[in-house]
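Take a look at the structures listed below.
One chain, chain A, links the two complexes that follow: it is found with chain B in the first and with chain C in the second.
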Partner chain A sequence: MRRHFTIRLGSAVHFPIDLRPALVLAVLSILLCIGMLYALQLGSTALSMNDVIRWLLPWQDADAETSAIMLLRWPRVTVAILAGAMIATSGYLLQVVSRNGLADPGLLGISQGGMAAVVIGAALFGLSPAWLAFASLAGGFATALFVMALAWRLSSATGLILVGLAVGIALSAAIEIIMVRGGILQFARWLAWSHGSLTSVSVGNAGMVALWAAVLLPLSLIASGQMMPLLLGHEQAAGIGASPRRLSLLLTMMAAALVAPIVAAVGPISFLGLIAGHIARTLVGERPGAVMPVAMLCGALILLIADTVGRTLFLPVIVPAGILVSIAGVLAFLIAARLSRSSR
Partner chain B sequence: MKAGLGLVLVAMAFFLLCCLHLSAGARFSAPSLVFDALFDHDPRNYQHVVVIKQRLTRLVVAGYAGAVLAVSGLLLQKILRNDLVSPSTLGINSGAVAFVVFGIYLFGLTGAALFWPALLGGFAAVAVAFLAAGLVSKGGRDPLSLILGGAMTATLFSSATTFAISLDPDLFGNLMGWLVGDIGNFDYQPLAWLWPIGLAGIGFAFFLCRQIDLLTLGTEQAATLGADPRLVRAGTLALAIPLAISAVCVVGPIGFVGLVAPHITRLLIGETGRPALAFCTLCGAVIVIAADIAARTLLAPQLLQVGTVMALCGGIAFLVIVVATLRRRAA
Partner chain C sequence: MRLISRLVLAAAFALAAPAFARDVTDHGGYVVEVPDAPQRILSLHDWTLTVMTRELDAPLIASAGRLAPDGSTFIRGARELFGLDFDAIALASIHGKPDLERIRSLKPDLIVANIGDYGPLREQLSTIAPTLMFDAENGDKPFDLYREYAGWIGRQARFDALKAAYDKRITEARQKLPKTLMDGNYSAILANERDGTLTLLKEYGVQTTVLDDLGMSRTALAQSVPDGQSRMTIGAELIGEIDADLIVTSYLPESGEKPESIFSALARIAPGYEIFLRAHEAKRIFSFSRYEIYPPSFRGADIFLDKLEAELR
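And then the complex of A and B:
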């Protein structure tokens, strides 16, 4: 089978396209579309697929009932897809920068930094929701810089993760001190948020997340073309003329920016970045230009499925998506690691 | 520092902190009043009642939890030869909490019966942490990967806990303090029947001290010197986990005593021998009592949770230890 397919425009312009990533991308996109249709259709009030499709098509008039239900569902589905893509991107960026497949914004303390800033901003200074994303961005930046600075001179690859873990623990304790003041109901809600939950997503949230995604996701796709040298390690990258320090600082900042709006809207979703990155690398290999879009789609698909399953399968109980991702994700990761070891 | 001098110093610190704990609080009681309350008790004097019923009980609980967790941490660090492990970093605390919460939710367990799910959770967490560590390091024996495995275990079990709580928040209304780790005014009640476990555990630890010390030399060395490494390791694990669980059942997941106290011990008088074990026991008690004093007085009259105070200080201490360990390895 040919590995490449070349689009020729005239005699001078050729676009070589790798077949395998293209195929994977196409399959994932189709899965995502199907998942989105089902996510819109399923819920405590079941709709018929016909109504959903009529609502989606702009030239058809949907009935009022469907529109009312959709007003509740579409922000949630949108946020699930975008948040999944952004967290996966952030995780993959961190994995490239730290050259460690276990990096994840939740494990490196970046999400916790954002959370701490959000909690302090909301509880102590009464910030309005519109500013929470920026507070989260500031917190995430500060934590990322702190962790990177501490781990800068450590040679061990696991070192960065452990430093991030410790910073995350200290930050969560600080958050906890503020959050236990309101009784068990607020505590339970906070617990749900601290694992990531899409229950309280509104149209405003969806708009905010979409705005950040519209800027940052294309930027990361562009950046993925420049990331290849980083995989070689700093000396080699510098040797072939890249500027690894500046690039990795830039990419870390971008990773922090990608999770900031998500932390403000739905809370951190640990392990999603780790899992999506792993799946993407298993599917298409190591080339960042190919891995990045695949990781985005994987993340979006995982979070969409987790959220849809969480709110439909155990009715009337609604399981926060973050919890499903953590439990299923950790278990799946362990099983996958086990299988890949025994197959070697 | 000589072991004897260290022991005397830590005993003095312990005694001083006990006195401070009894007199400090939302309202400061004079030492003479505390003395009267202890030795010339007048049940109709309200301040005497406060000192005995609210402060002495807390003091005993805090001292017990600290001592037991510190010994558990020291044992774990010695047999695994890894100075980053502790009941909290291995996920034992989270595992116990998750199983207790499910025990309450599914079977309506209360009181003494909760020790068994907690114990089961502790063992389950250690098993998962080892499994995850083995997979993360791909068969290698990197000590850092055990901590990463522990962190994954903790996330897994705390997610399960959150799930159970979100099913019925009202059921767990009274447990919020316990869930984040706190010393309440009635915590002495479970302690009343759990203390034999702690006492027996610490006693066995003293008894087995020589064998465990041999194991810190490495498996081959220990075997040459006449200890059965497997037996000692399994026995010590079977000792360290119930010790930690007995504290978790009383006060909830108070982390990092088990990490920090052994480090202080190692820094001051070394980790081998029975004096070190005694030092570590007292040191743990001192740490939790100090944290309890801080929790009660920092924002008085509001109470902070001991668990969160410990987690904040302990998280920072963990960061320092991690960075120091990594620097040493890099050098």
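And then the complex of A and C:
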């Protein structure tokens, strides 16, 4: 059976496409569309699928009731999809850079760096929400640079993870100190945010995340074409003419930029980058050009399902998506660790 | 016919307009246009906003509630003080787990929420109904906050009547309680067994309000709590600094605590505390149900005074 086909545009332009990744992408895209429709339909207020479809079609008039409910649902669904894709991309980039399948923005301290900047910006300097994404970006960048600088001499992928974990723990402790000093109410607010909930996502948040996604997701897809040499290791990559150190630095910065707006809008979502990357590699193998888009769709689908389940299955209790993803993530983490040990 | 219907519509708007005539600046600093006399108030904080709204006899249609260990829901504070439950009003959300769609489906004309839990949701809540953010622990005195809140929802007269009755009760209590004690000082604390610290309370519902109004003074450490804050966490080695003629604390029944739990908590946090606290020697460490003394409520103040009088009799 053929494993790939080629789209030819004239005699000069050829697009070779692997059959398996294309099939996986098509199935995931269909699942994501179905998931999005159900996420828009399900909630505390009952809506029929007809109402949802009528609201989605620009030439159909949706009734006022449906439109009002959708004003609460669509920003949340949009952010779940985009945030899932961005966190998954960030996680996969870090896994390639560190050559460690357990890497994740949370494990490398990048999420905590962003959180610390958001907390300091909001609690100490009273930054407005519009500036929190940039504060998170600065915090994420600074932490990524700091972790990479500390891990540079260790020259091992495990060293990067250990340094990242240590920096992450130190930053989490610093955040708690700031919040406790700010009083019990501020601490309660911090606790709610730190669980990674999409409840407080607004239209403005959705617009901000969409803007970042529109720039960073295509850039990540382009970058995935250059990432193959990094899988060989730095020495071998340099041997075939690549610049692994420069590329690693760029990809780490990109990973930090991908999680920055998400941390600012919904708080940290732990383990999603790890789970999505693993599922994607299991589905389509190791080639970054194929793994990256599949990881994006997996991340989007996982966060969308987690959020929809969290806000519909346990009513009247709303469970933050971050908690459900963390539960799934811990299981995935243990399985991944077990598999990586048995493969040695 | 069309002209008549337009005139009817115009008249309806003219009549409806005064319903949104007041601007209120809430504790988040937002200027919110609220109904003059709201008819469907939804509260998102049970033991402050729900209690005050109920006591002011304002039209409360729904409240946030808590989950009991058996899975049932209850309204903390309002259940104990007024017997209010979810047969009488609707459940708006579980505390800390807001469900915007449920809130919207209840069609409130005014939402009141505490800024600590709902500040980030203000934008979305405001798309449902005018939303006022309340900060119960901004350092202001509880009954000053209560008066302010009564003004927000147009119930100032009811507040004034309740306050007058409370002032009368305080005057009577001053005559009943030992004068030496009323001229002394007090500490209001919480013992945090989990991390081995003590919380010194500057403002804590009716507990501190009543003791202040009775004329008792505060310890030097309590006076050092920064402006704009209602409490301060201190280490156990400062146990001697909280000593006073009277020490009051509270317990949370839903966590299985009892009035005597404070003594085991103090023994765990600061072993040998008995030596440092003359209030212990004088048997003047009292613990009260937090359901009754945390809410800013005149009913709660009455219950607190009843229990205080009984303890000191």
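One rule holds in what follows: the second predicted complex is superposed on the first by the 318 of 344 C-alpha atoms of A that agree within 3 Å, B and C clash if a C-alpha of one lies under 4 Å from a C-alpha of the other, contacts with A are read in each partner's own complex, and residues count from 1 in each chain.
Rule of thumb we're sticking to: a residue touches a chain if its C-beta (ideal position, glycine included) is under 8 Å from a C-beta of that chain, and two chains touch if they have at least 3 such contacts.
Fair warning: this is a prediction, and the values are worked out from it, not measured in the lab.
J.: State whether A:Ser202 touches chain B only (first), chain C only (second), both chains, or neither.
T.: Only chain C is touched by A:Ser202; chain B is not.
J.: For A:Ala280 in the superposed arrangement: first (chain B), second (chain C), both or neither?
T.: Neither partner.
J.: Check the residue A:Leu108 against both partner chains and state whether it touches chain B (first), chain C (second), both, or neither.
T.: A:Leu108 contacts neither chain B nor chain C.
J.: Between chain B and chain C, which makes contact with more of the residues in chain A?
T.: B
J.: What is the contact status of A:Met70 with respect to chain B (first) and chain C (second): first, second, both, or neither?
T.: In the superposition, A:Met70 contacts neither chain B nor chain C.
J.: Considering only the touch criterion stated at the top, classify A:Gly43 as touching first (chain B), second (chain C), both, or neither.
T.: Only chain C; A:Gly43 stays clear of chain B.
J.: So in the superposed three-chain picture, is A:Leu28 touching just chain B, just chain C, both, or none of them (first/second/both/neither)?
T.: After superposition on chain A, A:Leu28 lies in contact with neither partner.
J.: Taking the superposition on A as described, I'd like to know which of chain B and chain C A:Arg311 touches: first, second, both or neither.
T.: Touch partner of A:Arg311: chain C, not chain B.
J.: Just to be sure I read the superposition right, which of the two partners does A:Leu150 touch: chain B = first, chain C = second, or both, or neither?
T.: After superposition on chain A, A:Leu150 lies in contact with chain B alone.
J.: Hey, what residues of chain A end up touching chain B and chain C alike?
T.: Shared contact residues on chain A (touching chain B in one complex, chain C in the other): 180, 183-185, 188, 192, 317, 319.
J.: Once bound in the complex, which stretches of chain B touch chain A?
T.: 84, 131-132, 135-136, 138-139, 142, 144-145, 147-148, 151-152, 155-156, 158-163, 165-167, 169-170, 172-173, 175-176, 179-180, 304-305, 308-309, 311-312, 314-316, 318-319, 322-323, 326-327, 329-330
J.: Using the touch definition from the top, list the residues of chain A that touch chain B in their complex.
T.: 102, 107, 150-151, 153-156, 158-159, 161-163, 165-167, 169-174, 176-177, 180, 183-185, 187-188, 191-192, 194-195, 270-271, 317, 319-320, 322-323, 326-327, 330-331, 333-334, 337-338, 341
J.: Show me the residue ranges of chain C that touch chain A in the complex, using the header's touch definition.
T.: The touching residues are 67, 73, 91, 93-94, 96-102, 104-105, 114-117, 119-121, 123-124, 127, 135, 137, 229-231, 233.
J.: Name, in rising order, each residue of chain A that touches chain C in their complex.
T.: Against chain C, chain A makes touches at 43-45, 68-69, 71-73, 180, 183-186, 188-189, 192-193, 199-200, 202, 204, 311, 315-319.
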